[in-house]
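Next, two complexes with subunit A in common: one pairs it with subunit B, the other with subunit C.
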Partner chain A sequence: MTTPNLKSNRSQVLPWIDRNRIFLLFFVILAFMTAFAPRFFNPFNLTTIMSTTAMNACVAIGFSIVMISGQLDLSIGTVITLAGIIGLGLQPRFGYAVSVPVAIVAGCLVGLVNGLLVTKAKINSFIVTLGTMTILQGVVYQSTGGNSIALSTPVAFSTADFLGKKLMPLVTPRILVTLALVAVFELVMRKTRFGRNFYMVGGNRNTAWLAGIGSDAYIIGAFMLSGLTAAVGGVFFAMESAAATQNLGTNSLMYVMSATIIGGTAMSGGKGGVFRSFVAILTLEILYDGVILFGLGNEVKIFLAGLILALVVLYEAYAVYKHDKVVGQRPYLLKELAEAGVKKG
Partner chain B sequence: MKRLLLLFAVLALVAGTTFGQSAAAKKNLEDSLKVDVSVLKAADNQPLIVLSTEKKVIPARPANPEALPETDPLHWYDMEYAGWNTKKVNQPKSPGDGAIGKKIIFIVHGDHPWTTACILGAKKVADAYKIQFKALSPNWDLAVQNQMIDQAINERPDAILLIPLDAKTAPQQARKINEAGIPLFLFNTLPSAEAMNYCIAWTGPDDFGQQRKLARVWADEMKKRNADAKSIGVAYVQHAPGGSPYYARCWGPMSELSGYAPSVNTLIKDAPGFDADKASQVVGDWLTRFGPDLKGIFAADDSAQAIGIFEALKKAGRNDVVVVAAGNSRQGMDLVKQGKLFAITYQTAEGDGALAVKTASDWFNGKPVPPVSYIPQKIITKANVDQFYPAQW
Partner chain C sequence: MEDKLKTTDGRSLRSGSFMRFMIVVGIYFAAALFILLGAVLQATGVIRGFLSVQNFINIIDTVSMLGIVAVGMAFVTYSGNMADMSVPTTMALTGIVAVQMLQYGFWPAIGIAIVTGLIIGMINAIVIGRFRANPIIWTLAVNYVTMGVIRLVWVNKQIYPDTVASTAGVSQSFDSIYRLNVVQHIGGNDLLNIRLPMLMMLILVVIGQFVLSRTSFGGQLKMTGASFRAAKFTGVHVESVIGLAFVVCAFTATLGGLAVTSLSRVGAWYNGAGYDFRAVTAVVIGGMTLAGGRGSIVGVLGGVLIIGLINNIMTLLGIPTLSQDIIRGAIFIIVVGINAKSLRSLGRDDT
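Up next, the complex of A and B:
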C-alpha cells in the first residue's frame, strides 16, 4: 500500500502563513511605509523607531513568558513606573550603580509576590496582578506625593546622552540592552529545556506535572522575569529621559498585551515567543511612526492598532473553531477507505 | 586669461546668487512685517492675540525655595517665575528673513477639546503668515511625545513649538531640540526652570497669578457667606499630577490664601482625574466626612470636574458650598450663568496657541522676543459671563 500524499499545496501554504504572520505583517508595513511615508527610511527616523520600541519590547519579553506559561501580568505598567521612580529617586544619594539594581530587584520582588499568590494561594493571575497594579499605583503616588522625579545634574544628563547615543547605525546603548535581552531570552526559550518547560506548563499543566516539571516554580519564575524585564525597561527609559513621571508605564499594559497577542502568543498559554512579540512591537511602532509622518492624528493610530488586533483575534477564534471541528477526524483514513471502495457512512 | 575669465564668471555667479537670495529674504521680511494678526478673532469674538497688560513682579529668589513650607508662595518660586531669570544656552540667532513660508511643528500634550481650540488658534496665525504648520498630539503619553520630538528633529523644521507633557521631563526634551540646533518655543504649561535655558521663549497663561486672583475672589465670597466662622474649611480637586497646573491650581491658591485669608483652612485635596463620575465620588466622600465644615471647593477644571462636583453637592443637598474652577469651557460658563459655579478664570485656548506661533513669527522677523509672555488674566462671574460667549471649547 502506498502512502497517500495528503498535503495539498494549499494546506502547506496556509499553516506557513499562520506561523509567520507577524513577520509577513512586519514586512508588508515596512515596505508600505518605506514606499509612501515621507522621510521614513532614513537612519535618524529608523533609530527613533528602535528607540521608541526599546522600552515596550523589553517589557514584552517577560510578559510573553508569563502568557506562554498560561498566566497574565497586569502589573507591568506600574512596575515600569515604580522602577523609574526608584532608579531616579535613589540616584542623587547612592548613584546609578546602586539605584538601578535596586529598581530591578524591586521589579523581581513584585513578580515574586505575584507568582506566590497565583501558585500558593491559588488566586487567578488576573485578580492577583490587578490587585498588585492598584496597590503599587498607590505606593508610587504616596511615596512621591504625586510628583514626577527629575534630575538636572551633569551625571544625569551625561547618562541620558550616553543611553541615546548612536553606537552603530540604528543602535543606541538602550536599544542594545533590549536587543541583547530579546536574543538571550529567545535562545533560552527555544533551545533549552528550562525554556521549553514554560511552554509545557502553559500548554498543559497536568502533562507538565506528569513529566516531572514543577509548574509552580516555573510560574513564579515567569512572573519574576516579567517584573525584571518591566523594571529594566522602565528604569532605562527614565534614565534616558532624566525624569520619571507618575504615568510612565500607564499606556504600556494595553500596548504590550496587544502586541504580544498580535505576535502570536496565545492567551491560553503554551504558544508564542519572545522574538515574535519583539517583532510585533516593532511593527506597531513602524505603523505609528508612519501615521505621524503622514500627518494623521492619534485617532488614526488607535484605529489601525485596534483593527490589526481585532483581525488577529478574529483569526484566532476562527482557527480554534476550525480546529475543534476536525478534532478526532482522520482525513487520511477516510481517503484510504474511499480508495479501497468502501462507502462513507 | 581663460582661467581668469572662468574665475570671474564663478565669482559673479556666487555674488549674483547671494544678492538674489538676500533680496528675496529682504522682500520676504517686508511682506512678513506687513502681516497684521491683531485683527484676528477667536471663536468667542474676543481678539485672538492679546498680551497681558499686568506687569509681573518678580521677587528675589530665596536661597532654597524648596526648604520653605508649601503654603509659602516663594516655595513655588522656580515654577512660578520659571523663565525670568534663566541663562539661555546655545540659542540660534534669528534668521531675520521673515516668517512667511517657514515650517513649524507644533507638539501638544494630548487630545482634549481645549487642545483642539488651541491648535485652531495657532493655525489661524500660521495661515496669516503662510507658515507650513504641522500639529502632533501624543495623547498624554510621554514616550510618544519623546518619539514625536525625535521625528520633528528629523524633519528639520524652522522651529518646534512644544507643550511639555510633564514639567520635570521638559529639560531633557528641550536640551535635545536645542542640541539639534532647532529653535524651540515652549508654551502653555510651565516647565521646570532648567528647561527654560534651552528655549527661545515661553508663552502661555500666568497660571499661578491667575489662580491667586481667583483664590482671592473665592475667599471673599466664602468670608461673606460665613461671616461668623473662625475657620472656613475648603478642599481642592487637583489637576493631573506632573504638569504645572497640578501645582499652580492647588498650591497657587493655597499659598495665596495663607497670607490673604488665613481663616481659610485646607481640609483635603485629591486628583481624581478628568472624569465627572470620579470627581463626584471623591467630593461625595468629602461631604460625608467633613459635613457642614466643608465650605468651599477649588477645582482645577471647570468642565468634567465641575460637573462631578455639582452632582455630588446635589446628592448631598448642599447649595452653600462656594465652588470656583480654573478654565473657561462651555460647561464652566454655563455653570457660572446658572449661578452654580461662583467664578472661573478666563483662559483663551485659541489665544494660547496663537501667541506661541505669533512669538515664533516675531522671532523669524528679527523682532526682539521676551523670554516670557503671558496671555491676559480675567475672572468670569455671573456678572460678566455673557461677554465671553460663545465658548471656545
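Up next, the complex of A and C:
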C-alpha cells in the first residue's frame, strides 16, 4: 500500500534546510567573516582557528556519541583538565611514552565508572556525571595543590614545537590527530553495525533490546569513548600549550554542548553525528574568532556562546512542541474531506 | 477516602504518612550519627572545638544560604524536572544588580533584584513548562546566558556596595542582610548569634513544607512530578505547575544571592558558583527522589544540616576546601545510588 503523497514542495524544502542547517550555517558564517572581518581570511588566522578547535572538536566526538546514546556527560570538562595534568605531570619522570597513555587510560576509566553507575546502579547520567565532575575537581586540586604544571624538560619543549608546526597549509600534527579521530569515528558511526547500534540504543532502548543489542554495553562504551576523546583532546592541548592549568577544560562543556546540539544531535538521543558536531565546533570558532577580530572583548564571546546555546535549545524544544501538537492528525484525511466539499467544523 | 487508593496487588498508592515520617526520621538520624562521629573524633583528640553551642550555630550559619537555595531547588526536583542549573548565575546576577541599584536606596535595590530573579524564573517556566525543553540543558544554557549578561554589562568588573550606595546607611543596610543578629535586633542579648539568613531559611522551610503537603498546588506538584502524563490527563494544568516550581526556585535563589553578596560585600559573576551542585546534593540527601513527587522540605533541611556537619568535620580535620569535593561527590553518588536501589526494591522506581 502506498501512502498518499501530498507533501508540497515547501514541506520538503524546510526539513531539508533543518537537516543540513549546520552546513548552511557554516558557509554563511564563513562567507560573512571572509567578507567583513578584518584580517580573517589569511593562512595564519585560519591555522589559529583550526588549532583552537582541535581540542573541543576532539572532545565533541565522544560527547556526541554519549548524546546519541541518549545520555549526558557533564564530566568532560574536568576529564580534559585531569588528562592535561596527568600528561604533563608524569612526563618529567616517565616521559610521554608513559604519561600520555596513562592520561588517556585515566579518561577511559572515568568513562567506565560513569557508564557502570548509569547502567548497573541505574542512576541518571546527569547526576552521575555531576558527581564525578565534582570528585575530579577535588582530585585535580588535591594532586596539584592548585598550581598549574608547566613544561620543564627539553623533550617537552621540542614536542610542543612539533605539535604546533605546520606540516602543510592549515594542518599541524595536533590538528591532524583530531581530523583523523573525527574521520575514523564518523566512519564507524555511519558504516559499521557497532556504530549504528549507538543510534538504536539512544533512539529506543526497548527496540534495541528486542533487536538483541546489549544496551548496557553500548552505554558504557559511549561513556568510555567520551572519556577517551576528552582525555586525548586535553592531553594534546596541554602538550602543545605551555602549561596544564586548573581550568584547562572549564569552558569546554559549554562550547562542546552548544556545538553538539547545533550540529543536530538530539537531546533525546538517536540522532546526530560526529562530523556534524565537528562542523558546528568549527562554525562556532569562526564566529568567536570573528568577534575578537571585530575588536569586541572576551565577554562578548562568552555572552554569544551562551545565547547561541539557549536559542538552539529553545528552537529544538519549540519544534518538538509544535510537532506534538499535530501528531496523530492525518492531513490527507482532512484534505480528502475538504475535496469532498465538507466544511471544517 | 484516600486510603482506598490502591493498586491491584493491594499496595497503597499513597506512600503512607508513617513511611514518610520514617524517612524524615532516618535523615535526622543520619545527622545525629555525624554529630556522634564528630563527638568521637573530639573525644579521641583528633579534632577540637566540635562540641560547642557556638560551633553548631556556626554550622547552621554556614549552610543557611545553601538551605535557602535548596528549598527552591526542592520544588523543581519535586516537580520531576531534576534540577535548576541556572541557580549559580541567578544568584550572581541578582546580587550584582542589587549592589548596582543601591544608588537608588536599599528597598528599591532589593525590589529590582527580586524582579530580576523572577524574570529568569519566568523564562525557565515558559520554556520548560510550556515547550517541555530538557530542563538540565535549558537551565545550563540560561546559566551561561546570565553569566554572559553579567560579563557583558559589568565588563568583567566587580562592584562594591560601599562605593555604589547613595549613603553610608544604605550600604550598611545591605551589609546587614547577612550580618543582622536577629536575637539582638528584637531586644535579646547578643550571646546567641542567630543571623538573618538562618531565620529566612527556617521560615522558608516552614512555608515550603506547608505548601507541599497542605495546599492544592503541592498536591498538583506531587502528581505532576510522580507522573506527568497522569497529571495532564487528570486535568492538572501541568504547564503552570511546573512553571511555578521554577519561579519559586528562582525566587529562593534570589534571596540566597542577596545573602551571599551581602556576606562577601562584592557583586561579581562568580558569586554563587557551586551552589547548583550543593543544593542538588542537599535535596537528594534530604530524601527527595530525582524521579519527582517524593520527599519533603523538612527532609531537605535535614540534608542541608548533614552537608553542614560533613563540611565542618572535614574542615576541623584540616582537609582543604577544594579537596573536600572528592568526599562530597562520592557521598552524593552513593546516596543517589542507595536511594534508587531502595526505590527499585520497593517497586516504586519510575525513572
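Convention: the second predicted complex is superposed on the first by the 325 of 345 C-alpha atoms of A that agree within 3 Å, B and C clash if a C-alpha of one lies under 4 Å from a C-alpha of the other, contacts with A are read in each partner's own complex, and residues count from 1 in each chain.
Heads up, the rule we're going with is that a contact is a pair of C-beta atoms (placed from the backbone, for glycine too) under 8 Å apart; a residue touches a chain by one contact, two chains touch by 3 or more.
Nothing here was measured: the structure is a model prediction, and the numbers come from that model.
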| item | value |
| --- | --- |
| Subunit B versus subunit C as contact partner of A:131, first or second or both or neither | second |
| Touching partner for A:45 - first (subunit B), second (subunit C), both, neither | first |
| Touched partner set for A:309, first subunit B, second subunit C, both or neither | second |
| First (subunit B), second (subunit C), both or neither touched by A:122 | second |
| Partner chain in contact with A:241 - subunit B first, subunit C second, else both or neither | first |
| Touched partner set for A:297, first subunit B, second subunit C, both or neither | both |
| Partner chain(s) touched by A:146 [first = subunit B, second = subunit C, both, neither] | both |
| Shared subunit A surface residues [contacts with subunit B and with subunit C] | 141, 146, 297-299 |
| Subunit A partner contacts - residues on subunit C that touch it in the complex | 82-83, 127, 130-134, 136-138, 140-149, 151-152, 155-156, 277, 280, 284, 290, 320, 322-330, 332-333, 336-337, 340-341, 344, 349, 351 |
| In the complex with subunit C, residue positions of subunit A that touch it | 72, 117, 121-124, 126-128, 130-139, 141-142, 146, 254, 257, 261, 267-268, 297-300, 302-307, 309-310, 313-314, 316-318, 320-321, 324 |
| Parts of subunit B lying in touch with subunit A, wherever the complex brings them together | 111, 134, 136-144, 146-148, 150-151, 153-155, 165-169, 171-173, 175-176, 192, 194, 238, 241-242, 246, 271 |
| Residues of subunit A touching subunit B in the complex | 39, 42, 44-45, 47-48, 51-52, 55-56, 141, 146-150, 152, 157, 160, 164, 237, 240-243, 245-248, 250-251, 288-289, 292-293, 295, 297-299 |
